[in-house]
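Going in written order, the chains are labelled A, B, C, D, E, F, G and H, and every chain counts its residues from 1.
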Amino acid sequence: MDPRDVRELLERVRTGELATDQALEVLQQLPFRDIGIATVDHHRALRQGVPEVIFGQGKSVDQIVAIIEEIVRVGQSVLVTRIEPDKGEAIAARVPSFQYAPLARTGKVTVKPPPERAVGPIAVVTAGTSDIPIAEEAAETLLAIGLRPDRIYDVGVAGLHRLLLRVDELRHAAAVIVIAGMEGALPSVVGGLVATPVIAVPTSIGYGAALSGFTALFSMLTSCASGVVVVNIDSGFGAAMAAHRMLPGSS
Amino acid sequence: MDPRDVRELLERVRTGELATDQALEVLQQLPFRDIGIATVDHHRALRQGVPEVIFGQGKSVDQIVAIIEEIVRVGQSVLVTRIEPDKGEAIAARVPSFQYAPLARTGKVTVKPPPERAVGPIAVVTAGTSDIPIAEEAAETLLAIGLRPDRIYDVGVAGLHRLLLRVDELRHAAAVIVIAGMEGALPSVVGGLVATPVIAVPTSIGYGAALSGFTALFSMLTSCASGVVVVNIDSGFGAAMAAHRMLPGSS
Amino acid sequence: MDPRDVRELLERVRTGELATDQALEVLQQLPFRDIGIATVDHHRALRQGVPEVIFGQGKSVDQIVAIIEEIVRVGQSVLVTRIEPDKGEAIAARVPSFQYAPLARTGKVTVKPPPERAVGPIAVVTAGTSDIPIAEEAAETLLAIGLRPDRIYDVGVAGLHRLLLRVDELRHAAAVIVIAGMEGALPSVVGGLVATPVIAVPTSIGYGAALSGFTALFSMLTSCASGVVVVNIDSGFGAAMAAHRMLPGSS
Amino acid sequence: MDPRDVRELLERVRTGELATDQALEVLQQLPFRDIGIATVDHHRALRQGVPEVIFGQGKSVDQIVAIIEEIVRVGQSVLVTRIEPDKGEAIAARVPSFQYAPLARTGKVTVKPPPERAVGPIAVVTAGTSDIPIAEEAAETLLAIGLRPDRIYDVGVAGLHRLLLRVDELRHAAAVIVIAGMEGALPSVVGGLVATPVIAVPTSIGYGAALSGFTALFSMLTSCASGVVVVNIDSGFGAAMAAHRMLPGSS
Amino acid sequence: MDPRDVRELLERVRTGELATDQALEVLQQLPFRDIGIATVDHHRALRQGVPEVIFGQGKSVDQIVAIIEEIVRVGQSVLVTRIEPDKGEAIAARVPSFQYAPLARTGKVTVKPPPERAVGPIAVVTAGTSDIPIAEEAAETLLAIGLRPDRIYDVGVAGLHRLLLRVDELRHAAAVIVIAGMEGALPSVVGGLVATPVIAVPTSIGYGAALSGFTALFSMLTSCASGVVVVNIDSGFGAAMAAHRMLPGSS
Amino acid sequence: MDPRDVRELLERVRTGELATDQALEVLQQLPFRDIGIATVDHHRALRQGVPEVIFGQGKSVDQIVAIIEEIVRVGQSVLVTRIEPDKGEAIAARVPSFQYAPLARTGKVTVKPPPERAVGPIAVVTAGTSDIPIAEEAAETLLAIGLRPDRIYDVGVAGLHRLLLRVDELRHAAAVIVIAGMEGALPSVVGGLVATPVIAVPTSIGYGAALSGFTALFSMLTSCASGVVVVNIDSGFGAAMAAHRMLPGSS
Amino acid sequence: MDPRDVRELLERVRTGELATDQALEVLQQLPFRDIGIATVDHHRALRQGVPEVIFGQGKSVDQIVAIIEEIVRVGQSVLVTRIEPDKGEAIAARVPSFQYAPLARTGKVTVKPPPERAVGPIAVVTAGTSDIPIAEEAAETLLAIGLRPDRIYDVGVAGLHRLLLRVDELRHAAAVIVIAGMEGALPSVVGGLVATPVIAVPTSIGYGAALSGFTALFSMLTSCASGVVVVNIDSGFGAAMAAHRMLPGSS
Amino acid sequence: MDPRDVRELLERVRTGELATDQALEVLQQLPFRDIGIATVDHHRALRQGVPEVIFGQGKSVDQIVAIIEEIVRVGQSVLVTRIEPDKGEAIAARVPSFQYAPLARTGKVTVKPPPERAVGPIAVVTAGTSDIPIAEEAAETLLAIGLRPDRIYDVGVAGLHRLLLRVDELRHAAAVIVIAGMEGALPSVVGGLVATPVIAVPTSIGYGAALSGFTALFSMLTSCASGVVVVNIDSGFGAAMAAHRMLPGSS
């Protein structure tokens, strides 16, 4: 896909170093591996500088273990998101190196630790106590990709004092992940207080008019603070990966 | 309908002061007047202590003038909401005592000024400049029912300083009407700062995810500040009438 | 935040009564307490004249007990909403002073009873039998903040007699909380009968076109009775807090 | 389609009265006429006992005139709904017997008056003045099919007196068409007062949470008064046709 | 409420037959009975000629038994809708005269059988096998109010033959209740085939784009067959009550 | 229904070969069979060249077994969709020839194998591993109607290499069924790569803004690749039947 | 992209016929042309066997003319969809060979006529007269790609006779495009009558519950006739292109 | 607000350099200016390093000119978004230094050019020609804040070649703004190709199932490419401001 690779390949064909059929085979042997239930893409980790990630929801323990083992086999680390505690324990029982974080509902096998990155902490801010599981999913993902979370929890806009006293801390962060359900007002306020990236995560906390997170989602998208960006409802993982793309050392 | 009235009527029947048929007639001659296009309810003004109000949207100039004249004929004041400027001018041309407020899109004929009410001002707060027409509808309605608006405009949450410097003013109001479009976050913040009634008005300002005011509406309904109440989208009139119900001297 | 506090602080700095660093520390030692899972805001109770309230949904028994104990430790009362019976019993087993109301799904610890308030009763009206749990949440909250509920249940508009015979009672209330699911028509009718505040609570009762409470919600927002205000679906708590803001003695 | 017709046809084939091919031709010569832009179904009028009806919206004056002329040619009456005034006048200029009703936005050519029907009047009730155009569409349709409308306008639930004084009139109607926008509460109240058919018509009157008539629609569908039926938003025509089906003499 | 009753009462007051206070008391002793959890309205049965109906969903066995007993105590029949089998059996164990119909999820106590009504059968038509429970709710309700159901099941539009062969039967019905989920096309086809009332019931059968019955609901409301009326999703009971209102002998 | 059949019937009546009443009976004895719970349409299989299909969701084991037996009795094969494993096993216990495919949640009884069809394979492509159950429902249905699935799983657009390397395979398919949840982008990309029919199946995989499959559905409907067609959410069966209609040998 | 092209290119590099840099350049000189406002893809026409198509909505006359000229310059035909009459005339004034079809709102320049295709006609069926513009867009597109439309208009399900008499015609079509607004029931009925491909096009005809075409869309997606496929609302073009993919001679 | 400012102020009060009242006044004289219609916040520009921005939609020419003049008066640059051409020209006529960009519908007065920033270009990518206005709003905003746009237009996923040939260019950008309407698939594909920040902008291009941009919005939020972030529909401005926050030199 990358023109430099194509050029090099062509060059090797031209010099006779590689036969036409071999070249075609190389093009077809890009680093995928079909293990029946999935086309594991070992290239992605290299390409984006992150451990392989498995979306655990809707996959069986057998499937997850099979994918983990294939990834670990080639020497990569792996992060699994959205695994409920019983599933997490079942996987740990079969893959001893698997570390499960119950609050975040994530687990990982660290084959090689992520490279250190020369950036400040990422503030992970929640409006309420109920938003903490999503915040922890973000924090665990940040750790897995070599970033450092700074947790600032339960500082929603109905008690503005709590937030204002921590403005300094927010301003020293390399980026701010703001997690809120219900009316989702917190990112607008934070966005007006800091100049760094603000990644808003709506959560499904609330009832009735909270619309399972859509009120917070729309609220954040139409925020009066400019430059606030948004990821999917309850996607702590997505927010962390967005921070990863924004900060030096991601590629 | 009111048991006391029924009792008095029964008593007058019992004493022979009133014949049965007359009593029945009285019951049927409650103060309505059918003017063809509307059943004008002169009783409502008495019942709720407010001038008669006409919802102008979707009514013709002829219809509005006819209803105004019927109301004024019996000595009541009248307020008309939701009239576009051209219609407002056409009415004024035919009813000289009609005063039109273009920003609020309201007009009124004041036959007798509303009674003075011994309450503090009602803060009318907007998040942005674009919310001002709705705020003016609220302010004009407040004036028509004898309440005093205190306008605090363009103090949205993305520039928190502007709001915080006026907290004292908010705390001295008898009630606070908070008007905001887009993400509708302002009532949550105001609700955390004052203990008095907070009436939130979502506006249809914004685009895309603002959903013509529904994002602000849902945001306000699921506000993390407790006891905030909400009226319909763009209903400055509804907010003023809600304040009217809440404050002494409404009945 | 309050200018008077800032002025006093400045004055004490000016007079040397307080060192600069001490003043800063005071500003930072506002009455919050970070207990790990929550930033408990002891100031809020003072600020709004109510017991601390915990939204129980989505919190574990451990978390709720920890927050209750922190609040009680500083001598405040506490109300917990949205706790299912099994959770309620588990908390009561660990906090003996905890009183659980199963119909309302609320519980409380009363350290000091709320101050008496010189206002009339708050009518709590339901359209049907199925709306009673929400009504009880409102009633329990009213009691916790020193207001007196007057329960008027099962008087929906399809049998108008039942409502009309209790109009007197409605007219003597300081405010009326009207709770209805399905088509949510009751607040419009009540709003036309009384001049006092009408706080409408849509409930999720009904099926199909009832849209889990949204039909009642939109119905109430677009009520033809002016000045009716609305809170979130199923939010008996929100309605009681709104009454609290509207009535004398709230601050 | 009707087995009796098939049997008769078969019998005539059996007796040699009709050749096989002729029989097939008869089956294919059912009373349709393709006039290019439409397949005019003259059978429908016979089948359902009503004049032919043209839905005028989105059709040009040319198209409407062509269809009217085809219908009149075979001696049927015709009713056209949803024609704006300018179109109505243009049609009248070309079809002199065309009578246009501007408020209802309907027009008709009466070739033979509808048969008299031995039923009481149909009450056509509106909640507000703005609902009158839809009510007039219902009334005009009722007249076109031989039913008698009894107009009861502007008696919405916020002023209950107006409705209650006309209960007798409602009870004497053969059926009640109830037309309301905004919260659509009127059919629930009427449904509790009368035992006759209640046909609810939601209108698109209102703004914001009125959702262009969907709030009234859902409200009416989930009405707490049993046996209320509903037609499409703004469909005065549909309500009249529903009454037609319900009353003696429709077939 | 009824003017004749008021007139008679007034007359008795005038003749001294009744004291003023007694008259007031009579007005207040209309046939309601408050049994704590419900305001049982014995008048309704009289007023609408039907047994009392209890909406069973969301009520406990205790509550239902208490309401049944109060109704039976005054000599009325009672129908309970929306009771799951386990609840139905529990009620039957405590009220021996209670007859439960599991497919329809309804139960009844027949104190006096409904009066015979001189009308033809009501066709109860379903598009598929899965719509049968809703059809049975309609059928059971029809029986409880003295109407006769004619069941025509599983004749949806994808196999038109099945429907066309039963057109005669449809045409002999006094009214047709058409029950369909998924795309809800059946009422449009039936409405084109018969001239009698067509009451459409959308069901929540289907998945994805079936939208839990809303696609069928909207489909039926915007039916191209004129005069089709619609009730709430899955409301077999509502359809039967609508038929009741439409047919002779309902009051 | 088919004119040729009617003509033949008429001809036999004309020649006296068939009595009128017999002819009518024949018309009424089209190959349906009412087995109480369903009107089994044996004609449909003949008419569309497929085994009978039962939609298993919401039907009891008893009902499904009864319908299977009726179909098998007349010598047809049968396919049952949407049966959960426990139900599938229960049916297999009672109908020994019933073969259950747990991943696809389908089962079948093959009385006579489907005719061989002279067309290429049908590519069944999924974006992710979680879409496989829907793909298997499509594959099982294809097999039941004599078409050959070519499974290409887990080749979503975020890792474009995986898809591009299999373009040849896609281009050799007679039609491509593309199954994707979340943002549903895969059919747009595939539609740009192949000229054969592309049948898009949205799945309910994803959370939050995935809207239970509606985001993928709308995405596919508004695809920028022209000529892509769409079936209902999660309808692997519908996609296979669509392929059946498109390919030679379907009738 | 196509492995055969890559293999040939590699072979030519290997034999020295092509220098490495030349090969790379070839890979980059695929037949696109950037004309500033658009990346015109001349390859697409070749790839899919159709004239270039321009989506006219939202493009200026200048932009459309520029793109047409670029396409015609290389000897391709071009079809433009969604152009209102005034725009169509403006383009024709500047491009004399441009033929505009006002009913379909399409225009085309035919440089070389499409190849003849050995397939039967495509039935283009509408439920009503108002659906004709969408049907004409389909018909014009079919003609532009060498397919033959058979127009069957105004045969909606409320008058079933009209449709049934044309079943033979439907059965002789190679595919059936069914276009319907309002309740969108027609494709379900047609799908039960024919075994060939049924492509359903929902239209935005109707009001209220028709939801601008979404009711018809969802209705068609959840059709009880299996194998019906759906394209976007009002997309006559999409339906024709879908037919193109399904029929022999498309690539 | 900033603790350092508070500390410094306190210090100056302590040293007597500043009187208490003066300090309070300073706190209240933060750089806002109330010009009647707006609270112009000169601090924001300083705080976030950008020119003042006015949201032009819904503001009159008079209002915009007044706000521009106030901003320019204090020596700041200003950018106005969402101004239609006629309004843009009217402003330019009154403010000669005002430069209007019609395609982007933005205008600006540059008092001092933005500081140069040492970052690479920002790729601004569109799926189609119709998305260009939103792309230009982004590009104009980038220029106003000192960033360099690299425009890559009309490279949607249905013609994948066009995109793949420009992958190198995408990989050299500091961030990629991806703008797409309809199914919004482009950001998922781009997100899989580059490791840098991907800011997705849904546009309201398309019809029917495109849902005025919501399908693209939800598609982007649930993208299978991780770390993609999203801004409001049609918000080219929001995307540029997001890039501003992400890149060095923003504060």
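Here is the rule we use: a contact is a pair of C-beta atoms (placed from the backbone, for glycine too) under 8 Å apart; a residue touches a chain by one contact, two chains touch by 3 or more.
If you're wondering where the values come from, they're calculated on a predicted model, not measured in any experiment.
The minimal number of chain-to-chain contact steps leading from chain A to chain D is 2. Any chain touching chain B that also touches chain D appears here: C, E.
Interface equivalence for B-D, evaluated over F-H, B-H or D-F, points to B-H, where over half of the contact pairs coincide by residue number.
A count of C-beta contacts for the chain pairs D-F and F-H puts F-H on top.
With centres computed as the average of Cα coordinates, no chain lies farther from chain C than G. Ranking all chains by how far their C-alpha centres lie from the centre of chain E, first place goes to H.
Note: Cα superposition of chain B onto chain H, rotation of 90 degrees, nearest 5. Work out the mean CA point of chain F and of chain G, and you get 26 Å between them.
Each chain gets one centre point, the mean of its Cα atoms, and the points for chain B and chain F are 59 Å apart. Rounded to whole angstrom, the centroid-to-centroid distance between chain E and chain G, based on C-alpha atoms, equals 49 Å. Residue positions of chain F touching 2 or more other chains: 1, 3, 27, 159-160, 164, 192-193, 207-210, 217, 221-222, 226, 232-233. Touching pairs of chains, sorted by label, consist of A-B, A-C, A-F, A-G, A-H, B-C, B-D, B-E, B-H, C-D, C-E, C-H, D-E, D-F, D-G, E-F, E-G, F-G, F-H, G-H.
Contact residues of chain G toward chain E in the complex are 127-128, 156-160, 182-185, 188-189, 191-193, 206-211, 214-215, 217-226.
Contact residues of chain G toward chain A in the complex are 3, 6-7, 10-11, 13-14, 16, 19-20, 23-24, 27. Touching chain E in their complex are the following residues of chain C: 129-130, 132, 153-155, 159-162, 164-165, 205, 207-210.
Chain H makes touch with chain A in their complex at residues 1-3, 47-49, 53, 164, 167-168, 175, 193, 195-199, 217, 221-222, 226-233, 237-238, 241-242, 244-246, 250-251.
Interface of chain E with chain C (complex): residues 1, 27-28, 30, 32, 37-39, 41, 43-44, 55, 57-59, 63, 202, 204, 213, 217, 232-235.
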